[in-house]
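The structure's right below; bear with me while I get my questions together.
The letters A, B, C and D name the chains in turn, as written, and every chain counts its residues from 1.
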Amino acid sequence: MVHIHARDAQGNNSSDVAIYQDIIRRIRAACGILIQTTNGIGVRRDPKTGEFLWPSDEDRLALLTIVPKPDLYGIAAGTIDFYHPEGGYEVETPYVNTQHFLKSTLPHVFKIGSTVEFELVEVSVVHRLARLADQGVFDRNASNLWMLHGGGLGNTPPTARALVYSVDEQQRLFPNAKWGVLGAGKAQFTMVGMGVAMGCDTVRVGFEDNIYLPNGSAAKRNHELVRAARVIIEGLGCEVATPDDLRQTFQLRPAA
Amino acid sequence: MVHIHARDAQGNNSSDVAIYQDIIRRIRAACGILIQTTNGIGVRRDPKTGEFLWPSDEDRLALLTIVPKPDLYGIAAGTIDFYHPEGGYEVETPYVNTQHFLKSTLPHVFKIGSTVEFELVEVSVVHRLARLADQGVFDRNASNLWMLHGGGLGNTPPTARALVYSVDEQQRLFPNAKWGVLGAGKAQFTMVGMGVAMGCDTVRVGFEDNIYLPNGSAAKRNHELVRAARVIIEGLGCEVATPDDLRQTFQLRPAA
Amino acid sequence: MVHIHARDAQGNNSSDVAIYQDIIRRIRAACGILIQTTNGIGVRRDPKTGEFLWPSDEDRLALLTIVPKPDLYGIAAGTIDFYHPEGGYEVETPYVNTQHFLKSTLPHVFKIGSTVEFELVEVSVVHRLARLADQGVFDRNASNLWMLHGGGLGNTPPTARALVYSVDEQQRLFPNAKWGVLGAGKAQFTMVGMGVAMGCDTVRVGFEDNIYLPNGSAAKRNHELVRAARVIIEGLGCEVATPDDLRQTFQLRPAA
Amino acid sequence: MVHIHARDAQGNNSSDVAIYQDIIRRIRAACGILIQTTNGIGVRRDPKTGEFLWPSDEDRLALLTIVPKPDLYGIAAGTIDFYHPEGGYEVETPYVNTQHFLKSTLPHVFKIGSTVEFELVEVSVVHRLARLADQGVFDRNASNLWMLHGGGLGNTPPTARALVYSVDEQQRLFPNAKWGVLGAGKAQFTMVGMGVAMGCDTVRVGFEDNIYLPNGSAAKRNHELVRAARVIIEGLGCEVATPDDLRQTFQLRPAA
């Protein structure tokens, strides 16, 4: 599966639906890999002040209308102090993800026969989602829920202690959900190791979160990071899923 | 110790320094109890739309200039999804507490010989504060740091599991800090019980967080909640501190 | 409920069934309190060497034949290094509780319409019991299982961290079980406070584990400790159960 | 490092010092690998009854006198219900490791300039060792202490939750100790993965605990399991230590 953020011709984060559509068409023409978009978009900097400019909810929700549709979606699911120096957020900044934003995204995604990766960069997001589920926004017991436990984005450190606590809370509250891990910066692969050893369903690696290979050298291409994850996954006796495996796991409608 | 939020003549949350000054003078005239103010202020509602109106950083920072000075301060220390139906926040809403706000408050408070209660309504705030301490904003090893672990405000539930995790992380990162507990709504007294049994230094009870006595009936006056806390504290073999005890514990300058 | 260990005329721990029968008859004649016996018995000392003499499995299993039957039973459920200076075990000593002993006790107790309190003085005992349940020795999902989490007997300290971990493991593996707490020595009442605040079903206090009241003075009679527990229980907004409540909770057959 | 249990000509576990001496001489003649013996020995079966026969403390302590001396030692440090079907203990059985045994082993090992791996098959053993350290049996703050956290021997399951809890308790009580992991049966490599991702100092793999490679096939030789561990270690960006590294880490006297 490939997780996509679009950039414009100048290399800046972009919310331009046309760019996303072009990316999806080109990938689909080349291979059958599953495609995930998010409505995180990411910030741009004000060219004058250098300050972060966050996209509006409107811009973010527009990404739900991309056609051809991606196979899966992702959503930043909590309001936090965001800090991710490896990803270009070397200054901590509030990252607001409102109930309105979640309530507009979630039912839509499930209705069109897809699923959404909940980015849980703090354990508090697990508890927030439980409240949303109690309000009927989505089904707490669905087996195609997908929870991504992070370490090193936001405030939560990439420790086994934090991961175990987060996964335990999630499994108590969403007992049938699939779950994955991500780690920012040099913790990317230790988080993969912990997650796989704990039986996670997905891992996320790549340049969005980190550029370093396990041995400390910088990767030149994203696929080097993917290969390094594969060594860990297979070293621990697991297998990498195929796109068809994942379609089944997440109960996805066939790509249109 | 008394924790104060001011209200104006209409009963709305107020940031008016004059009201705070009047309150402090009247309390000091009456007795020697320690006085704590915060710069949380609280929201008002837009009279037209009914939406929450949050105070600006400027309004909040102005509360540091109150004279006569309160004995201690308090600060909401993390950016979260705030939800506290017992306290009038029955709709979840983003609660932003910026680095700028913290960096303006903390050094000031320590410099004038007081201390500040860090409201940790999520464990992620502990980790955020560790980063601030690493940046030199305050001394991680100071013995007059004061950490308030909450349950039921924001997303974190008032469970022993969440409290133990939060206190463990805090004690690892701020080994000499004093710590306390608060619980929102009916969990107010179970949080007191857990905290005292775990050896906490302070407990917070009162109408800001809850109106119910342990037996489920509504208290009419704040002091009923304080008395109910006292029963638990003494039932567990502890004693209630005097103002002088607390001055020593928190290394406070004598009241001016 | 009263938890009974018998002593002979010389004041030594005794496995004499006749003494137990006499005790039960006298209590039943006096009041309707529920009666619990265990087959722990406790050690005696060799009058010559001063070394501990542990009762044999045979002696211990004989206590299942007491008539009139007690209402409930108790069993030391794991093999551990026992250390309980407040209880007269000031030298650590191996405490062996074999599978044979458990397999002889458990089905018998459930068959006669009673239940048994599993003494979990280490979290490892929770995991051992899960294995026994997997082998069919008792029903893991029964709602009249009764788990007693201890602190300060054996190696496990009376901390919130240890208690939360033990209760979490127990609730994951025995989701419908009732549970209680005990603490040895001065931790007796802090364990009661934690347990009640966490929603436990039973607490155990008394001279077997501790002689000190919460304020640090020595109790002269067992009922002083019971009253001190009652202050905590009611201070936290709970009520003390009646014998009839407990008969229902534990699905006990009426006393013969 | 190689961890040795001796067998006699019939293939049974043996406490014969001469066999150990022969093994050590042959290994030293062949290469510079570090050699660890334990005084666990292991059980034999009574040829008539089939029951386990445990070695006496005397037999076990005799293994401290092996000459040439091994480089490091190991000790089963707690009394537990032992259960290890992969290791031939398919029936649970009490495994007693007395204070006398520990107090006779530990000071001796540290005095001769070696160190000892404490086998912590339950977290309760961490707490027991803290009590022994408080009694002066060994130095709690020494930096050459060596703690082995196990999953799947005894009652403790090979979960991340159990491992994190055990390591946290150990690091709180023995802050400078080195630590490692082992897993029984098919959990051998998931425990390695968790341990390495958490920053452990040593991992233990081999036929004593498990015969399966990560992919589920049975290994024919011990070194296949070692190689599989190496893939995980290097996949997570760590390096395998040399004997000289380990001598320094554990502050070992040069081999005599």
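Following the convention adopted for this analysis, contacts are C-beta pairs under 8 Å (C-beta built on N, C-alpha and C of every residue); 3 or more make two chains touch, one makes a residue touch a chain.
The structure displayed is predicted, hence computed values, not measured ones.
Student: Between chain A and chain D, two copies of one chain sequence, what rotation angle (nearest 5 degrees) aligns their Cα atoms?
Tutor: Rotating chain A by 180 degrees superposes it on chain D.
Student: Could you find the chain whose CA centre sits the greatest distance from that of chain A?
Tutor: C
Student: Are the interface residues of chain C and chain D largely the same numbers on each copy, more than half shared, or largely different?
Tutor: Over half of the interface numbering overlaps between copies: same.
Student: Between chain A and chain D, what distance separates the C-alpha centroids? Give it in angstrom.
Tutor: Chain A and chain D have C-alpha centres separated by 41 Å.
Student: Can you give the whole-Å distance between the Cα centres of chain A and chain B?
Tutor: 34
Student: Starting from the mean Cα coordinates of chain B and chain D, work out the distance between those two points in Å.
Tutor: 49
Student: Show the residues in chain B shared as contacts by 2 or more other chains, in ascending order.
Tutor: 161, 168 - these are the residues of chain B that touch more than one other chain.
Student: Spell out the residues on chain A that touch chain D in their complex, using ranges where they run on.
Tutor: So the residues of chain A in touch with chain D come to 159-161, 163-164, 168, 189-191, 193-194, 196-198, 213-216, 228, 231-232, 234-237.
Student: Name, in rising order, each residue of chain B that touches chain A in their complex.
Tutor: Within the complex, chain B contacts chain A at residues 78-81, 83, 91-92, 94-96, 98-99, 122-125, 127-128, 131, 154-157, 161, 165, 169.
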